[in-house]
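First chain A sits with chain B, and in the next complex the same chain sits with chain C.
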Partner chain A sequence: MIMRPAHVTIVVSALFILLAVASIFADLLPFLQNSTAWQALFKPDETRFDQIFFHFSTLPRTVMAFMCGAGLAVAGGAIQTIFRNPLASPTTLGVGAGVELALTIFLVMAPASLAPYQDIFTLTGGMVALGVVYLIASGRSNATLWLILAGMIVNLLLHSATQIFMLFHQQYLDSIFMWGAGDLAQNGWDSTFYLAPRLVLGIIAIFALVRPLDILALGDDTANSLGAPVKWLRLAILTLAVFVTTSIISAVGMIGFIGLAVPATLRFLGFNRSKSLLAMSLLIGGCSLLLIDYVLRQFSGTGGDIFPTGAATALIGAPFVIVILRKARIMPDGNANRQDHPADYSLAPKHMLMAVLFAVLLMGLALSLMVSLNEQSQVIFTPISDLFTLNSTLGDRAQRTLAAIVCGAALAVSGTLIQRVGHNPMASPEITGVSSATALAMIIAMVYFGFEGRTDLMMIGAIGGIIALLVLLGLCRNFTHAPHYLLLNGLAITAILGSVVRIALTHSGTKATMLISWLAGTTYFTRMDEVIAVAFITAVLTLLTLLARRPLELASMGADQAVSLGLGISLFRLAMMMAAAILAAVSTLLVGPLSFVGLMAPHLARIAGFRLAGAHLIGAILIGANVMMVAEWLARNMLYPQQLPTGLIAALIGTAYFLILSARRQ
Partner chain B sequence: MFDLKDVGFRTEGKAAKTLLSDISVSFPTQAFSAIVGHNGSGKSTLLKILARKYRQFSGDIHMGEKALTDHSIRDFARKVAYLPQNPTVPPHLSVRELVGFGRYPWRGAFGRYRPVDFEKIDRAMTLTHIENFADRLVASLSGGERQRVWLAMLLAQDAPILLLDEPTSALDVGHQRDILHLVSDLKNTIGLTVIAVLHDIDMVGRFADHILALRHGQTCWQGDARNFMQAGTLQKIYDADIGVIAVPQSNISISYIA
Partner chain C sequence: MRRSFLIAIFAICAVAFHPLSALAQATTYTHEMGSVTFETPPTRIAVTNWSLTETVIALGINPVAIADPDDYRQWVVKPDLPANFVNIGQRQSPNMEALRDAKPDLILISGELAAAYEALSEIAPTIVISTYNNNQPALDSIRKATRTIAAVTGREQRAEEILKQVDATLALDGARIRAVLGPDQRIAVIRINSDAQINVFGPPSLPNTVMAAMNIPTAYNGETTGWGFARGGLELLAPFAKDTIAFIEPTPAPVRQRILTSPLWKMQGFARNNRVYQIPPVWTYGGLYSAMRFADLLATQIENGPYR
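Up next, the complex of A and B:
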């Protein structure tokens, strides 16, 4: 890029404005031809359907698209500047998901008299989500990375919470889906008039704060020494950005990636000062969404097929973000992750701890099978003799508990392999998108190609997971550097998954309920033969990786060193990644893609002092199995007779774990 | 041991740069060869080519009877031990465990370590004076200590050829001398072939048998230590005013900046 920003500004903005104006003219063309354009725009002839349609649907939709794009891009630009993080945005930091959950709850539960307080309620939802993300990430050595990681975790968690909530209120299901998928379709000017004043207010306020924003971009210390009240400024600007996002999401639902991609790209093009960055974000963001929506409208007319703009934006935006951020090299260096290892653990092997974990697992298994809660939260004890009766309760429970334990073990092995071979203590099947890709492949096969058999689905899912990993390996050349790319990839695939799921759900009707509860990770549909099959695969692959623990250890020294010592690293890495993908896929079929056991178990095992590859694997397996067992028991009994999804409970435990971890560090 | 003929190396990509061209040299067997030159002269690149880290070189390199690329990975690891400039430090390994990986080329992924392996590991640690922190984490050591641990791993590897990329950069003078002394001792007693990238002129003059000097990716000078420690040669290689004094009653010379 030799062009100076001044030229870039003119060229880029002219191009976008031209295109946007052209698209509006294309819509107006039929009216221009019979010179009723003026009429259609402002005073539609009520006997002419095309004029009415244009005035009350096309025109507000166009205005809406521009406003939403502009608002999200400005909010994204402000958030990125404040966190000094090119991957931050309303959707990646959990704000969107928080607002979504708050709004869903509000719409279903709140009495009509509370309607005026909807804004406050949703704003709180967004701020709380952002606060949690910030809490997890702050105080860590590489906050940039953790911020995005925490954002992903909170995002997934809130999404699944929203979905659970909808499970219990199925009568509202369809309309909430459409809204959640970011549907810009309008049938009047109501939403436009609802949104416009809020946006104008919020954006003007953000623009009024550009100078403080510039100072915040210098870093907290510098800003402090320049006399800026950092905390208050940050809170004020974030609140404004969240307010803008909240208003947009309330009006049209989730529209991902505009708020991430537009400001990030502009920064890459050389817009570094907040004022020009935000102004350009407003313009380009608005025009982009307008154009995307225009293109989508051309398809939606045929067959009445609905393809929500928000979901489509994520589909387009996710790969785009990967490309632009890779090119831009604005990622901070990946070396920082070393500091996350405390160098103070003792070298003694942890046989004792291993034995304790194993004993806990066995006792827990017995307890979780025999002890349960009834509707009044009273403890019920089922004697072991029940096992020999017909329709044994214990047998049913055993099936689900074993499924959870096996999946915990499989995910733990998968996570350990990815973390070790990828040199990345934060990687895991869930974070790198392998689980999501597995689920994605399965859903597409199920909804669009009519596959029903769970064995078929398992195979398809495994293939999906392996493809995702191979793409990942291709994108992150050698897989060694920059943990960011891993997260980026996971971010993109998860976003794509989210939008495909939404699109699929609006189509699938009857399967929707089952799909949702499976995505949230329920063991309810599990059958014993599947559990045995998955357990067998897990056992074989675990055994193989345990045998290969020496090269696995060697792989942690980096590719160069490993080759110098005679290990054909690329082949080995591929084999280990294949094993990880297969394990992630089979466990995804049983408990869904959501649980964070694959991230948490290896992490915990390492902190507990399981150092070398073999012990690390076994420790992670024991921890993963224990966590899933507890999660399964809670899911079964917490709201009995309602059955919660195990994966969601495991994810809750995982989030709690990271919150505690961050609290302890401060 | 290594015979190079017209070796060149270009980086890939849009802004391709020629890093090495027309290098023809024979590194003698069972001798200590040093590669010297100014920063960015291509020393490390050349060493990495010899260690098979870069594969897209032009020209022709033979190691022993066979072409460099014809050795299998395991076979090459048994013959050549390579120490990069900044090796990745695994955060969770102890010193003894790391040195133990030197036996990997011989035992592979599944082979049991035998008493002879443990003897070699112990001997390597004794030679490099790291027994005292055998049970500490490598990550907790200082730069110089780590460098000795890596060297111990290379020695445990038991390869007849050592490729060392600035093996003494983080060491104090005493340990620099110890390490280079050790390496040249091993050369004399068990016939190692050593090729090292070195910066310290006096250490090169003191320990190296054969010296290759690079300048902007091309051979600038090669010869033995006696001819290397001449003011004229050094001025030509480093493009700086360097003088040399011969220490009376010894065959040692020292350089100084004029």
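Up next, the complex of A and C:
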């Protein structure tokens, strides 16, 4: 059924306005009944708490919800139009994470005298993040996909940095965490009056630029030929959109997915002109956040706890993205990213390189066990003889370092399989959301069902990962498009994980710090028997994939060729993906979902010249193990006696690698 | 199989016929996750959380390894930490290497570290004592924990002294508070969390169980999380218009400022009636010294007058 936009406009906006007004009436009802509504709205009786509460909390909160929803949707609409990318939004392009990091640093470190400059500081944070994402993506043949991937990588990098920061400022953890979860609660009109002028100015300015926006939407070449100063217009509109987003995030915290889902859905419904798109975004975005917040308010305070609006919004919004992806055929031709395959560097003959990597791994292992730093950052040597006493410092170190190395290998194999079978050098267990789903299953089992045993958790995690993979494969039945859908659905799953984690953390009180460090990937709680179990699973699956290296080689050539070579491609793919999911799950328990080694190791191996499937696997394993070993040493020694999560360090190394790589390509 | 059987027989014989075995008085203690045996009371104790830290210090033993000592000085404050100890890093993941260097003969942990119990047991005998996050009345839990630690370390007498001191202190402070506020004035104890969030302590929490023991009526008696508080916006305080509010430091100064000057706070009964008191830092998840510190500070602040 296709309706004319005019009809859609009327029906949809009428529906949303009606619902929003109804929710406000529902709030006002008790006052209407004893005819004090006027008082409650404008001049509350100072002796009546219900009136005070309505006037100073419910009302500003409602206004705030509308403003934030409207602002985020308009900013998202503008960003989507500029990048001509329906999945672009303040949160997916790293702006939110940039603002979050900047604000966290500012709140914890900045002296009171700098308080007036908070806006500038956070705006810079958001703009820098967006700039980096844009630089990575620009000039690629498949900019649409790269923009989103770069956004994810920058998001993860900034998020890791924020988490490290938070782990060491636990006294502020509660307040930063609540803010990070997006809390709309109000105690007066101050925040509303702070935000309102900024939003009104920003939004009016964006609306003043709708005409240029329409020209930009035609594409750079067309716009250039029409004589538009493309660069400056784009910069101006982006700055405005980031300014609006920044103001909202500083005032109420992270509210995910409104800025993505609302304009994307509207565009799908047929609003193609910027003016109508932005106007509708304003209305629908505002009304939907108002409604979501109204529903959530009804649940607040149950069980002595609260339900943060921002996290819940992401929970509702993320599945929406999956639906949009399925409905709108937005992705460009399936083979475009083929040109993005990394160029080969012939650093050294392959066998030499492998031998060197292996030697480095062994030497590094010995060094990382024997050398450590103390509280004054002085180098300490522990004699190797200590290793052979049963219960020793070296024994502890060996246990943790082996755990890291094994996980590095497991993730490397998992990443190689996903990259080869998915024909996509940017795929990995982390990015397709398999790791996230694993962690999600474990966290839900831990926080809501009280599972503590690590073997149980590992099983639950593996099941979660496999289910996620099956869901992904189910969603991507059309295999020619599968690579992109896999990634973008993975994005949605990662977002769902993020919000569930935030909700679970606000519900688990002081346990939060432990969950955060586990999620960030600490090897701290790892036991030798677990390491052996994971090593065994990894070894078996790696051997199997090595035995299957020829069909794997064919599968990575592309479905059409492989099928014509007589390979039952779907079943084989399924088996390989299953192996990848199991490997991701077992390593997630030990080092958390965000380590990024599964993306980096295969990618680096390929760049180093390991092209055939077998060599690619072994090269990736060696690189992954080396990276995790270094990360583990840094995690144990950088801030001794405090210990950083290994996964977080690995994520910092991995994301930094991609940033450097893309900078060099420019 | 046969070998271990032989070893077992040998061990039994050795124990049965060993001339000193009757004298050594090895004592076994069971705890939440197992049991430990000591020939002589342990003296080098490592502690991984602040409630256990202060309890050990209160019993007159200087712990050899302490977690998060810098934050302890800011949040728990008293009793003072000893001059020499090994810093073992964060409470949720105490550094195994540093812990080993401290050469403890007993490690005390709470249930939050259960996942590391086996690894810690390899370093030294480990006892798990959870006093919070289990919905048990906090004051009873920490009394029991003090007795347990005293029994293991051979300080029963000191423990009884402390328990008597607690009873006397709470009775005295209760009387001081009633002298100012009258017998029926209810008190709600809160922590300011963020610009929009507060924690209100409820029935199982340390503040409320202490106030109950002081014979002071508590204002909030509703549902709580496992840690003994309810979390929410300032509307949580609406039922306490006629009661007294005590907020516990530390709070970041700007956050305190914004909460206390917000209309939703200023227009509530307790603020209009000028019944708001500021309590200096005291660890609301602490041991018996924290319980006494809370009672003392509450009484002193109420005598000093409301916050302005």
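To be clear about the criterion, the second predicted complex is superposed on the first by the 621 of 666 C-alpha atoms of A that agree within 3 Å, B and C clash if a C-alpha of one lies under 4 Å from a C-alpha of the other, contacts with A are read in each partner's own complex, and residues count from 1 in each chain.
Heads up, the rule we're going with is that a residue touches a chain if its C-beta (ideal position, glycine included) is under 8 Å from a C-beta of that chain, and two chains touch if they have at least 3 such contacts.
Computed from a prediction, not measured in an experiment: that's the story for all the values here.
K.L.:
Looking at the overlay, what does A:Thr522 touch: chain B (first), chain C (second), both, or neither?
P.N.:
second
K.L.:
If you stack the two complexes on chain A, which partner ends up touching A:Glu46: first (chain B), second (chain C), both, or neither?
P.N.:
After superposition on chain A, A:Glu46 lies in contact with chain C alone.
K.L.:
Which partner does A:Leu554 reach: the first (chain B), the second (chain C), both, or neither?
P.N.:
Only chain B; A:Leu554 stays clear of chain C.
K.L.:
Look at A:Pro197 in the shared chain and tell me whether it touches chain B only, chain C only, both, or neither; answer first, second, both or neither.
P.N.:
Neither partner.
K.L.:
More residues of chain A in touch with chain C or with chain B?
P.N.:
C
K.L.:
So, A:Gly219: does it touch chain B (first), chain C (second), both, or neither?
P.N.:
neither
K.L.:
Given the touch rule stated above, what does A:Tyr640 touch, chain B (first), chain C (second), both, or neither?
P.N.:
The answer is second: A:Tyr640 touches chain C but not chain B.
K.L.:
List the residues on chain C that touch chain A in their complex, please.
P.N.:
By the definition above, chain C touches chain A via 71, 74-75, 87-93, 95-98, 100-101, 112, 114-116, 118-119, 122-123, 133, 193-197, 202, 222-227, 229-236, 238, 241, 250, 252, 254-255, 258-259, 262-265, 267-269, 285.
K.L.:
Considering only the defined contacts, which chain A positions touch chain C in the complex?
P.N.:
By the definition above, chain A touches chain C via 46, 49, 52-53, 56-57, 112, 115, 167, 170-172, 174-175, 178-179, 183, 185-190, 300-301, 303-306, 372, 375, 391-393, 396-397, 452, 454, 506-507, 509-511, 513-514, 517, 522, 524-525, 527, 636, 640-643.
K.L.:
Going by the contact rule at the top, pick out the chain B residues touching chain A in the complex.
P.N.:
Answer in residue numbers: 51-53, 73-74, 76-78, 80-82, 84, 87-88, 90-94, 97, 101-102, 104-105, 108-110, 135, 137, 139-140, 157.
K.L.:
Taking the complex as given, what residues does chain A use to touch chain B?
P.N.:
Against chain B, the touching part of chain A is residues 338, 341, 343, 345, 347, 423, 547-548, 550-551, 553-554, 556-558, 560-561, 563-568, 606, 611-612.
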